[in-house]
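The following pair of complexes shares a single chain, subunit A, combined with subunit B in the former and subunit C in the latter.
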Partner chain A sequence: MNYFALFNLTPSFVIDTTALAASYQQLQKLTHPDKFATASERDKLIALQKNAQVNDGYQVLKRPLSRAEHMLELRGVELQHEQKTMQDGTFLMQQMEWREQLDDAQHAVDPLIALEELDDEVAGNSKALIDELGTLLEQTNDAANESAANLVRKLKFLFKLRHEIELKEDALSDF
Partner chain B sequence: MAYSEKVIDHYENPRNVGGFDKNDPSIATGMVGAPACGDVMKLQLKIGANGIIEDAKFKTYGCGSAIASSSLVTEWVKGKSIDDAVKISNTDIAEELALPPVKIHCSILAEDAIKAAVADYKKKNQ
Partner chain C sequence: MALLQIAEPGLSAAPHQRKLAVGIDLGTTNSLVATVRSGQAETLGDDNNQHLLPSVVSYKGGSVIVGEQAKRDASLDPTNTVVSVKRFLGRSLNDIRSSYPNLPYDFDELSPNSPLLNVNGRQVNPVQVSAEILTALRLRAEQSLGEELSGAVVTVPAYFDDAQRQGTKDAAQLAGLKVLRLLNEPTAAAIAYGLDSAQEGVIAVYDLGGGTFDISILRLSKGVFEVLATGGDSALGGDDFDLAIVSYFREQLSLEGTLSKRLHRVLLDKAKFAKETLSDVSSASITFLDDEQQTRELSITRAAFEGLIAALVKNTLRACRRALKDAELDKDEVLQVVMVGGSTRVPYVREQVGGFFDREPLTSIDPDKVVAIGASIQADILVGNKPDGEMLLLDVLPLSLGIETMGGLVEKIIHRNTTIPVAKAQEFTTFKDGQTAMMVHVLQGERELVDDCRSLAKFTLHGIPPMAAGAAHIRVTFQVDADGLLNVMAMEKSSGVQAEIQVKPSYGLDETQISDMLKASMQNATGDMQARMLKEQQVEAARVHEALQAALRADGEVLLSASEIDVIQASLQVLNAAGKNDDIDDIKQAIAAADAASQIFAEKRMDHSIKKALAGHTVDSI
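So, the complex of A and B:
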């Protein structure tokens, strides 16, 4: 399933999010089950499947990381997150240090500020990787695709970490 | 999802948490990560002159299954030669901990950590 085609967008890492949202709303309306209340069972089923595709596609395209993964999938690049262990020592050491910092943050004088500083640092790194990913995805050769896949894998660690920072911030602010 | 008793035991009482000085030539360090869930695992082995693993420590940031898998391998590798340690497979780990299919990648991570540590040791001492 090519979600870019579904939403009538040119496959690209940089997308017009307004156009995506508009296209989503239109398709959502066209395939909404309510519209098929009196239709045949077969048409109902088709509309329901189409509606689910529209929702799935929107979720995939609106976030940069899943959008990049989808582009790579369309190019036949297997990401194999489950099987492929990351072995980049320098990168992983940094991940370890950040996670230690996250653990230590609660003992800081002001834990929320410590968390915010850590998040700023990780966010800055994520942004740099996303920019790099955008440049790589403009090319379509195998080497660029493989480098892009590697960046997607790295970004997964950073996004997970930012999510954990967020959870910790919520836990601290919630009393 | 329900964790098996063995996973819970290792998760609540992890064995051999910590680390050694990675610059020490007798220490093998394996750093691995799982992109699927963002888990990061560091496994360190203290290796004697005879190639026997004398001690092992780990530090893992991840889910209960990832922590249990690394805790288990630190127990398993002690007393083994490095050649035997790399024979520990993810299926052995998954079977011992009764990991469900969605958590198999945690055992793969632990297996790869042993291999990465041994590769690090061989590189250091070639």
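So, the complex of A and C:
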């Protein structure tokens, strides 16, 4: 399923988010099961399946990382997150350092501020990688695709780390 | 689990006539039915113009009494009078006992996963008890509207899990209702307010009922109600306020040990009375007879009451904060706060919620009625009375869905607050040579351990072709529909074999039990069930016929070749002929054949309408 085509958008890493949201609303009005409440069972099922694609497509296109993954998938690049090991030693060292900081944060004078600072740093790094990813995805040759896939794998690490920072913050903020 | 498709009663034969549809709020404490009449949504009263139907069912000898009269029986005959049955839907006996240790009911110990109550010599399950309440509301609606209903929207707490939703839907079907949709209570309230004031922006709906608490954050824009996040506690409500007061009474009066069932019920009633009184005055006094037939007296101040419920209310505010975070919004981005549910009458609750969001909560629509009113507006639209209506509801999955993996851990497949409908596929493989079956355990909840999540069902995939370990790829698709109900499909990829799934819901009733109950209720029902089922099939045949003819006229020549059109036309002729006869199976077969003959056409039409719409052309409806 090509979600760019479903949403009538040109496949590109940089997208017009207003156009995406407008297409989404229109697709909802055309495919939501509530619009088929009096239709036959078969037509209800077709609408349900199409609407689920619309919802998934919107989530995929909305976020830069999943959008990049989808583009690579459409280009036939296998990502294989789990199987491929990370080769970049510097990146791995940095990861370990951050994880140590995450563990130490709870012993800081103000744990919430320590977590915030860490998150800011990781967020800054993610932003830089996403910019780089955008440039790589403008090209379509194999080498660029492979580098882009590598960046996607790195970004997954960073997003996971940010999620863990968030969980720690939640635990400290009395949810 | 969405397990069964049952013939739907109550379809009207004349398609262009205005249809009768109702919204039903099946509440823990009270239930209501509402409808849209001459453009106005209103709740319907009984003969005495009472709109709230107490959700109490009393079983006496051969008869079943629902509502006010049953409520009066509650303290006289507590064992045979079921109150707040909503708390038991989709729950195991263990769950029920640990949440509510002092229930006066006689549960069947031999049925721990699908609780059965012994009432006056018979056994009933929570679905059947709920169906009695829904039947009473259906009859009330049919009586006051003078016609059979075409369909109903039934509301559920947003935080209800799959088992609780399925239980509600089963109860509605058992009550002879055609369920157009299960609608989340806060969303229903938002409709009632949103359509009233044509608002745009973010609203928070704080819904504290008798037994459940929900918070939903919605964005309203151009008729689209988009739920951004939802949270809550499906076992926290006004009943807990009552229990807290009962504990306070016992402590103050040194009532120790086990109370009689009668006294426990009396104390609960007195607690409820005190709670309600304290909404208007600063102190409430009660008197009652204890188990030694002594008159006991005591009073409680508003300040003491607020002290008792402070921790409970704080829990609800924590859920509010969590929902805002999930919606990625700050408190000050919330434009309005809507209060729903009888428990929001408590002044302390209003103050705390108002303080949290820093704005005066909206209470202009009766908090007891607002959910039913919103549901009736949605029902009116779904049944087709407003073909040009722009309103659309985009709801979310309240709790993450996952599967059990090695070591008793849960791997999430669909995360909470994902817009529904949604479908996600997951691949599994075999770990032994020649393995032909596999067990999948589906869970719902946010925690990491299986034991901390709610077990929904265990599926056994049979019919996997024997291969080397790891060679079979089984793709399991989890699909959640607009009602928030889960459906599971499985396929072995290399061979294309559709694996057979056996569903065993962990709690509640399985498919056979439901269909047995339906059969039993049909046997007891007056009128000729066979004739009714035939009529329904004939109506469905006419509907399929008419819809397909219209589709062919609109898009047939654009999307199909002449021979493809001929194939569909031929199936329509068969369908037309079958619809004129009275062989139910024949009609069913003809409908299935017409569906099959036009499947690709229907998919093409959907894609075609999307392309046309997104290219800027106007498409009124599909």
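To be clear about the criterion, the second predicted complex is superposed on the first by the 174 of 175 C-alpha atoms of A that agree within 3 Å, B and C clash if a C-alpha of one lies under 4 Å from a C-alpha of the other, contacts with A are read in each partner's own complex, and residues count from 1 in each chain.
The rule is simple: a contact is a pair of C-beta atoms (placed from the backbone, for glycine too) under 8 Å apart; a residue touches a chain by one contact, two chains touch by 3 or more.
Small disclaimer: the values here were computed from a predicted structure and weren't measured.
K.L.:
A:M96 in the overlay: touching subunit B, subunit C, both, or neither? Say first, second, both or neither.
P.N.:
first
K.L.:
When both complexes are superposed, which of subunit B and subunit C contacts more residues belonging to subunit A?
P.N.:
Counted on subunit A, the partner with more touching residues turns out to be C.
K.L.:
Quick check for you: in the superposed arrangement, does A:L161 touch first (subunit B), second (subunit C), both or neither?
P.N.:
First partner only.
K.L.:
Please indicate which partner A:L27 is in contact with in the superposed arrangement: first for subunit B, second for subunit C, both, or neither.
P.N.:
In the superposition, A:L27 contacts subunit C only.
K.L.:
Residues of subunit C touching subunit A in their complex?
P.N.:
Interface residues on the subunit C side: 5, 151, 180-181, 222, 224, 318, 321-322, 325, 381-384, 390, 392-394, 418-424, 479, 481-482, 540, 543-544, 547, 591, 595, 598-599, 602-603, 606, 609-611, 613-615, 619, 621-622.
K.L.:
Report the residues of subunit B in contact with subunit A in the complex, numbered from low to high.
P.N.:
31-38, 40, 42, 59, 61, 104-105, 108-109, 112, 116
K.L.:
Could you pull out which subunit A residues touch subunit C in their complex?
P.N.:
6-8, 23, 25-43, 46-53, 55-56, 58-59, 170, 174-175
K.L.:
Quick check: in the complex, which residue numbers of subunit A touch subunit B?
P.N.:
Listed in rising order, the residues are 79, 81-87, 89, 91-93, 95-96, 99, 152-154, 156-157, 159-161.
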